[in-house]
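Down below are the structures I want you to see.
Both complexes shown next keep chain A, but they swap its partner, so chain B is in the first and chain C is in the second.
Moving on, here comes the complex of A and B:
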């Protein structure tokens, strides 16, 4: 009997399509609003410097075997000797940096703005969908689902005989919410996606101690076994050149 | 030359362990993979909906589309994946499930518009 269910075309014209269009437009609007609200903060020179030093140490670590032992040793000593190496952190400063990071009000403000620009449109749209479009079947999902999904996908419809793949507008809203993410990254360009990953990184880096990563990098550099791979390079070049000359 | 051979062996051994990729280029390539997968999953969803696939057939179509995408990407990399990506999984598996929600959304959308009402 589930096959016999015929939906009114008015539902398509006034619920299904408008809901999707509205959600796309809200997504675009949110993107531009958050772009306008974004405050540019000048990066702290100390943090930038630490980041560059870490990058440098990583580069040295990954390319260590391509430089002669003497050069490697010189660089390692420059980076991590115990007196004034760039990676060496004096004991007292470690706590200071973290406290400074937490007390920076600009950062917390920025994160709150980003979160709000995410939450407010979602709540509003959800309320709108609930208010206007509840209590009827709005769409049919083209694959079968088990009875367990009934309470989730069909709330507002108190009919136990309707097939589970017929869903209410609220489910259509959630489907849009998750499915449009890919579309946004296509139409809004990379900045949208980058914004998300940046936010993730900020979240991850928020409680992290930058000086600790300096220390970790120092340890990594200290334990490297240097093994120069280009040790016979001159002889090899000579042989190759001789072969070329002979020809 | 024996020394040369030994050297070459050692060099290859070591350079296999060392990542000699440009991180930015890798990231750019990954982004391209992500975009093509998303785009093709949306297109595939619309196709599946218009053709009226239901149930299992639709998901099979999704896997087919993703497989075609992988082949296309490998062809675009001139079949030498190792010089553009750090592993095969990047080309074949990355973004595989990310496009699924988009696929389901557009599949449902097209299917409902064409077949249900």
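Moving on, here comes the complex of A and C:
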């Protein structure tokens, strides 16, 4: 049955290749449009400082055993005390990220711009593909696949008898949408390539509360048991030297 | 930090460029990437590219980056005219840029016009208080002026915001050591050890500072950090070996007769350090061996 299906070469010339080319062109275009619309926004000193405090607290947490107990305690008090510790967040002050977002019109504007450059071209291309190319097989991959891939590769064709290694045009669109990252990084340079999957993840991570991570670091620091490893180092140094002297 | 393979690559490119084999642009890019200070070479080869319109246009938009790089290198080499020309070209291209404004301030600074440069930096920082490079320039300028206390002040202000910047901590530590403010320096070195616990250099410097501070507790701690340096370097660090000996002798003097428990446990360490030192001297500088023995004898460590 699989052998009977022969794809017209016109499909290759007028669907498969144009679709990929259009996807690439749209990707490049979108990159330049978003570059145009990108606004440089000065970071808030408070947020920068919070990031740095968290970094320092993490360093302290991970390397606590390398400094003398006295120094460690001094640092912990500096970071965690209830009056003016850097990691301590007063209860009323922990403002909601959501509220902050709405109070700052720039932020909302930025998000909208991002959305515009992402969603509009995507909808348009999807509509275009749907309108012109829906419902037929555009390509065949050269190896067999299990039935589970049917929903991924044959989106838009509701035939259960077609072999799974055939790819429908709409699925080809999706494969291109998510798979062109490597090509973009070649065209636009390593760090400029940003594919949609990543963008979507970023959207999901938006609105994280920085004060919460401050609190989490504080809790982490509070429960650390300080165990100075330097006394062990003396023995280790002895062992090292013994070995060195014996050589 | 520059890795070994990168350094090799750099040296290879350098000799290639010196012998007229081309690749000047790649060489300059590598220098920029690794943040290495080879200003004379940058100036020489950068100018050959910039003065040749064909070569200049072949690098496209990176031309401006090169102008900036050459300008900074020229400042470093005291060729102010070249720097001025580069900055002028950049200014024409980017009339509003803050980055160029910083370059202009650096030109003032290089010429020794401290007050004007300071004014320029301050106004830049007013516009963007989170500009790390400008903050650091201001510290460097205060240091160059000889106004160390001001440098400390700026650096502290900088570290208040960017407290995870370990290079700034290192700078501050070294300044404090030069000012003989050892307690503050010790704090900075602790901070450095926290951020990079496996770098023996910081352990060693911390131990040095603690030894200089003196006092039984500090000496014991210093000895521990010398020990960790020995361990981290595999016993190859002569300074750490000497430090162990000095600490042991100082501790012995302070706790005359009444040896406590901890000392008994670790009394092998300094005798081992002495042996290691002697062996090292025998191997590498046999003529100085008597000097070592007499020094160690004066510390009452060598038997």
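As a working rule, the second predicted complex is superposed on the first by the 164 of 247 C-alpha atoms of A that agree within 3 Å, B and C clash if a C-alpha of one lies under 4 Å from a C-alpha of the other, contacts with A are read in each partner's own complex, and residues count from 1 in each chain.
As a convention for this text, a contact is a pair of C-beta atoms (placed from the backbone, for glycine too) under 8 Å apart; a residue touches a chain by one contact, two chains touch by 3 or more.
Remember, it's a predicted structure, so these values are computed and weren't measured experimentally.
When both complexes are overlaid on chain A, the residue A:63 reaches chain B and chain C alike. Legend: residue contacts after superposition of the two complexes on their common chain; A:130 is shown touching neither chain B nor chain C. In the superposition on chain A, A:122 contacts neither chain B nor chain C. By the touch criterion defined above, A:242 lies against chain C but remains apart from chain B after alignment on the C-alpha atoms of chain A.
Of the two partner chains, chain B is the only one that A:181 touches; chain C does not reach it.
Contacts of A:213 after superposition on the shared chain: neither chain B nor chain C is touched.
Across the two superposed structures, the residue set of chain A contacted by chain B and also by chain C is 62-63, 230-231, 235-236.
Taken together, the chain A residues at the contact with chain C in this complex read 42-43, 45, 48-49, 52-53, 55-56, 59-60, 62-64, 66-68, 71, 230-231, 233-238, 240-245. Interface residues of chain A, counted against chain B in their complex, comprise 7-9, 11-12, 16-17, 20, 62-63, 65, 139-144, 172, 175-176, 178-183, 185-186, 190, 193, 227, 229-232, 235-236, 239. On chain B, the positions that touch chain A within their shared complex are 1, 3-4, 7, 10-11, 14-15, 18-19, 31, 34-35, 38-39, 41-42, 48-49, 53-56, 58-59, 98-99, 101-109, 111-113, 116-117.
Interface of chain C with chain A (complex): residues 128-130, 160-165, 187, 190, 193-195, 197, 221, 223-225, 227-228, 230-231, 234-235, 266, 268-269, 272-273, 275-276, 279.
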